[in-house]
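Shared between the two complexes below is subunit A, which has subunit B as its partner in the first and subunit C in the second.
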Partner chain A sequence: MKTFAETFSFVTPVVQADIGGDHIFKISRAGSSTPEDAPTMEFIYHFGPVFTLSSLAILCAGTFGGLLLGATPGLSPTMAVALLIPFTFHMDPAQGLMLLGAAYTATVAGGAVSAILLKIPGAPANIATALDGYEMARKGEGAKALQLCFISSFIGGVLGVLVLIFLTPLLAQWALSFGPSHLFWIAILGVTIIGSLDSKSVIKGLLAGCIGLWIAMIGYDSVQGVERFIFSEHLEGGVHIIAALIGLFAIPQVIEMLEGGRNLRTYDMIKVKPHNVWDSVRTTLAHPRTVSIGSIVGIIIGLIPGAGGQIAGLVAYDQSKRFSPKRKLFGTGEPEGVIAAETANNAMVGPSLVPLLTLSVPGSPTAAVLLGGLLIHGIFPGPNLFEKHADVAWAFINSLLIGQLLMMLFGLYIAGLAAHVVRVPPAILASAILVLAVFGAYSVQNSMSDVVVMLVLGIGMYFLQQYGYSAAPLVLGVILGPIAESNYVQGRIIASAGDGMFTYFCTGTMNLILIALVIASVGYSFASEFRTRQRASEPEKTA
Partner chain B sequence: MMKRLLTWGIALACLAVPGLAVAADYPDRPISLMVSYSPGGATDFQARIVSMMSADEKYLGQPIVIVNKPGAGGKVGWNSFASSASTDGYDLAAYNVPHFIAQSIKFETKYTIDNLEPIANWGADPAVFVVGKDSPFNSIADVVKFAKDNPGKITVSGAGLFVGHHIAFLQIEKATGVKLSYVPHKGGAPALKSVIGGQVMAGVNNLSDAFRSKDQLKILGIADLERNKEFLPDVPTFKEAGFDVDDSSVNFRGIMVRKGTPKEVIDKLAKAVPEMFNDPKVVKQMKAGGSPMKVMNREEVNAMWQKRQTYLTELLKDLKDDGK
Partner chain C sequence: MSNIDDSTAGRTQQTVAAGVILALSIWVAYVSFDVDDPQPYLFPRLFSVVMVVLAAVALVRALRGANRTGTVMGGRQFARIVPVLALMLLYVFVLIPLLGFYTAAAVSFLAVYTVYDPQSHLSAAVWLKRLTITVGFIAVIYVVFALGLKVQTPRALFI
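The block that comes next holds the complex of A and B.
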């Protein structure tokens, strides 16, 4: 045993993922031997090709198309990029990648349009946007919500790309050091926010989260291949997260709109008041704390391979809520909620490409698709990408940067048009949402099963809502379940081959930091629940 | 009444006619190719390249449209293909050997090699055994020597259960007689990431992916009958290293149809599709993407399927006897 530890001491430091000084030192030393590390201003010299007429046309087309694709329920950024790759077959490599980069940026932001106007998050990244965005839209502030969303997306997105440009060599190794035990704790950290997310009662939030975790178990288990809860053949492929998302958010709302019959008095038509853009810019800049929390959370979560940007928005939303003096207003149409969620989910775009570009390891599903887009042109990402294909690599990164700007401009334009889109009677709007929901669920995997699953979950959610449960914690359960589970199972196999469960999961700097965060998060929830109850009982005493 | 009879007559005629018409002017509309993995995966990516020339009059004269039906490691797509795809030649599917054959042996699936008909094979990606760049292991012999003294201590990542990587892992265990720990991942890319990041000590992965990350890895062996001269001329096969591991884990990709498809249609596809795979544009694009090609005709694929079926039944039976 001793010889094992001695001979293979290399395993321990990496598995335990020290992020202390020693590790950083190792990285910078390794970095200095490779030429791409110098965080130069080199990218500026490569702006030229981006500003040619044809490149700009491609960028505009990619951005505008991306916004539309992103706003279509069921079309996630990953799928949108995958569908565009064949179009780049016959393009010049640099321009092909510009198209993909611009489309990736825009689809992430585009998902917010349907989240705000229709309460159908276009992708899991936009769930948190829907919480306050849709409430704003119901108050008639849809245009403002959209403007805030695109402005904060721009800020977050640019910061994220800057991290990609300047810190890639430093962060690439660090990103790779995340192993199953760390991802397991990250998922548990996510579970701890379930209770406080968009629910009036912590208990109901946790119960909804449990239902979500259970739904995530349906289908073939991804590690062992065991069948679980497959009662009907529709459940064979499990519950796809996007189908679940559409069902849980859109269907209860459709039923609510239709239950009043034709003479709806309770449901006001959503009016979108025009709103001054500069006012939105001021609102965004007036919340520096929210913007920085959103960006930092988005960047860190984006860097971690396998955590997925899906939860970036929700975590940032929850953190901003905890630190905000207006935390009571979150969930009722508070602009801060939209700003936090949207800065985070766009800040994640740049960092999610860090491990891909220098180490050829895709950290997220979208990065994996982009890898395909690079390979098709014979460009192999890796340590010498910036030597061999500097022009193409920088053109791609610059297109992400310019894409953010174009995304904001097109987005603000769309925000102005939104007033016309929503000026329809509720009954017609409800039918339109239903059509979109069915279409969206089907298009995810070209499968009728997803539509059935979507409708069943949606109808179930309608009844749950009558008892005060909400969809957001449930969806978070569906997202976190597989991350926690598969990493636990992998960690268990690795641990039983090595030093045992306790050592593997509970020692090492990174594990300890994450465990401390979990404990702090749980402690905070208890404290705030306690405070609320005390405050609730105080008036009784005085009376 | 007459009207209703007439309607029925026309409906019946419509049902009967395609059987005859299909063979003569097949294909006269776009053809769909189902890929049972998600968009952007290696299978999807390659399927899009190899089918891009199909609209050319030289080949099929009609475009091939990719339809993704991912889920449960491919089972969802292949189950639906084997039970509900049309048999008129307009529904094709991409196969992955050994995945679908191993699944049909191990699980209750609606597909077996008996209700599917191969058309042609486009690619073959052998599995390779990799360790991290800083690993003390420099050859397969090092790994085996260490594992003999420390059974089960070496963790090996791979993309899921009963896929090529897992088959190669089982073969390696069997041939070397040592015990290793297999850590299944969700796909080849995360499995490779675990090796590079040092979360596992070794991995079985695709040659093409490992080749791209060769600066961060040491590639110790290749599970094939001969070395790969194009990409990795210096990496020995397991046979050369003295262990009896053949090419059963090589990931073959190709196109198939459902049984019951008219013979004329199959013949037409079996002739045109391999030619389409060999189109210079396809070959160039595949090479650029680092995807190893291996075009095989219908007879060759049929023989390969049969061989794998026999071998995998045997190998996976052993697995059950181990009490796993």
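The block that comes next holds the complex of A and C.
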């Protein structure tokens, strides 16, 4: 079978690697110019690995599964991606990341199915979709709402990935000049941003980040091999990132699903009547202002670490409503509302990976899980990513672009099937996730200790969540802890040979900017928490 | 489950949670500073100090009833999750070593499903459905992990 690389004359296959039985072509330009000459166009030369039979099959499986998982209320995109990571462990790194990327994109879009048909958003990113989508479904326009959702998700998603493609290499090149002190502050910034922005309480968010840092330190010190915080035989090998990710994201959801006991959860499902796809395409294209607002809002919010799809969808919905002549119809089943929300929440996906791939700072909890997926393959994102692993990085990014197309095609044709999946009883879902979590945690290192650690962390996280501590900053701490520590130790060595710790870590333009960002992220969150509390107490006082 | 307010139950639960985290933070700081060779503990020392300060603030806020995030876990809610917690622990610590990986998975899947299934436990048709779903799911897991990913799982009485 001919691969994509063979069909294009402007590229020359230079290396063939036999991966998983398929010939994957790593291709370079036919000319003599090097990739460094035009880093922004580099992605074109790495489409080959995406167009092999096995890669396309993986993309289809990831997209199909992601749509179904996303459509299921209670299953978050983060948990879906976390559960998939063990499967990628046995794959070629590029293909493993393709699977995770496809699942990430598709779960965000798939969440719209239950938002539209049940008024239960499959993911927080789909909250705004439910406002008009459900009303459309009640009017008998469920199929149209679903089609609008997948078409606008495709447009937003493609624009978002293009931003990822053109911005990432530029940022990565700039970040190449970073030293250990900068990388240390970037890791700390990652924890403080997610800790303060992703939590309702800044103190609890930062505390969760610190607990994550502590968990990352358990095991043997990487420099001297000294035991640290090992109080059980199961901790001798440290806490494996994948076991931690599965435990922290999957186990609390299993317990939450069963909090209702044996009560039968009935969904008032709306039946979907067939609708012409081309009419939905025309409707979407007839709203260029809404698509533009959704895309721009999604891209900007995606680039801000910690903001997330929920904010993107709601802000885009609000802005589209403000500028729409039909603003009074928003909330009553107005197609513009669905288009705005879905364009934004998928436009956010690509840009949310920019800080992850260039600086190792995940922009969202799901990006943090993707970071775990990169690390288990020995790929450290950051300034050197496009020098050391350009083939894997570009194959992954390009697959996101193809994944958008697959997501739309599958979405348009399996929306009816997904509607049945949302009715799977929580007892079956929870049992299945529990078993998958155990197998997933075990299969990474064939270790029962990983299973024990996964379960204990998961149960602990459930109780922490009850008291307002969220999993995202804790996971960030686990992931970024080793990066922060290694750069801190390297920085100390450099500092001891130079002007001392304070000068090395706390002076210089870049250090000061990063320290200012750390302080600003915490300060801003404290201020907004204070304002929220003031607002909440005002009605009490007047009462 | 209700949103937390100034209720006594909420304040007590928040205080206990914050107290446990403060105790953990103090232990981490103590271990980090009470060592002969400080080199491996340089970074843990750094964040453990921050951790103790944050945990202390969280405890003070909990004592003052100022913690308004999270929920109050009622006795009824706890009673509902006790079976799944017990089944999870039983699955990992007892069933896997006793029965083997796949058999333990099947038993645990069926147990969690049955305990939380709202349908009648007296109907033969319901039990047939539960068994069919369990066997089908475990068969898929076996195909994926044992045959596809070639994961070697520990054996006990069964596989």
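Keep in mind that, in the parts below, the second predicted complex is superposed on the first by the 272 of 543 C-alpha atoms of A that agree within 3 Å, B and C clash if a C-alpha of one lies under 4 Å from a C-alpha of the other, contacts with A are read in each partner's own complex, and residues count from 1 in each chain.
The rule we apply is simple: a contact is a pair of C-beta atoms (placed from the backbone, for glycine too) under 8 Å apart; a residue touches a chain by one contact, two chains touch by 3 or more.
Computed from a predicted structure; not experimentally measured.
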First (subunit B), second (subunit C), both or neither touched by A:W278: neither
Partner chain(s) touched by A:N446 [first = subunit B, second = subunit C, both, neither]: both
Which of subunit B and subunit C A:Q224 touches, first, second, both or neither: both
Partner chain in contact with A:L464 - subunit B first, subunit C second, else both or neither: second
Contacts of A:P365 with subunit B and subunit C, given as first, second, both or neither: first
Which of subunit B and subunit C A:S431 touches, first, second, both or neither: second
Subunit B versus subunit C as contact partner of A:F502, first or second or both or neither: neither
Doubly contacted residues of subunit A, that is, touched by subunit B and again by subunit C: 223-224, 446
Complex contact set, residues of subunit C against subunit A: 1, 4, 13-14, 17-18, 21, 24-25, 28, 31, 37, 39-44, 46-48, 50-51, 54-55, 57-58, 61, 67-71, 73, 77, 80-81, 84-85, 88-89, 91-93, 96, 101, 105, 108-110, 112-113, 115-118, 133, 137-138, 141, 144-145, 149-154
Touching residues (chain side subunit B, partner subunit A) in the complex: 38-41, 44-45, 48-49, 52, 67-73, 75-76, 79-80, 106-107, 132, 134-136, 146, 150, 152-155, 160-162, 181-186, 189-190, 192-194, 196-201, 212-213, 215-216, 285, 288-290
Touching residues on subunit A, where the partner in the complex is subunit C: 87, 90, 199-201, 203-204, 206-207, 210-211, 213-214, 217, 221, 223-224, 226, 228-229, 251, 254-255, 258-264, 425-428, 430-432, 434-436, 438-439, 442-443, 446, 448, 451-452, 455, 459, 463-469, 484-485, 488-489, 492, 533, 536
Partner subunit B, residues of subunit A touching it in the complex: 4, 7-8, 10-11, 14-15, 78-79, 81-83, 85-86, 89, 176-180, 219-220, 222-225, 236-238, 240, 305-306, 355, 359-363, 365, 368-369, 371-372, 375-378, 380-383, 445-447, 486, 490, 493-494, 496-498
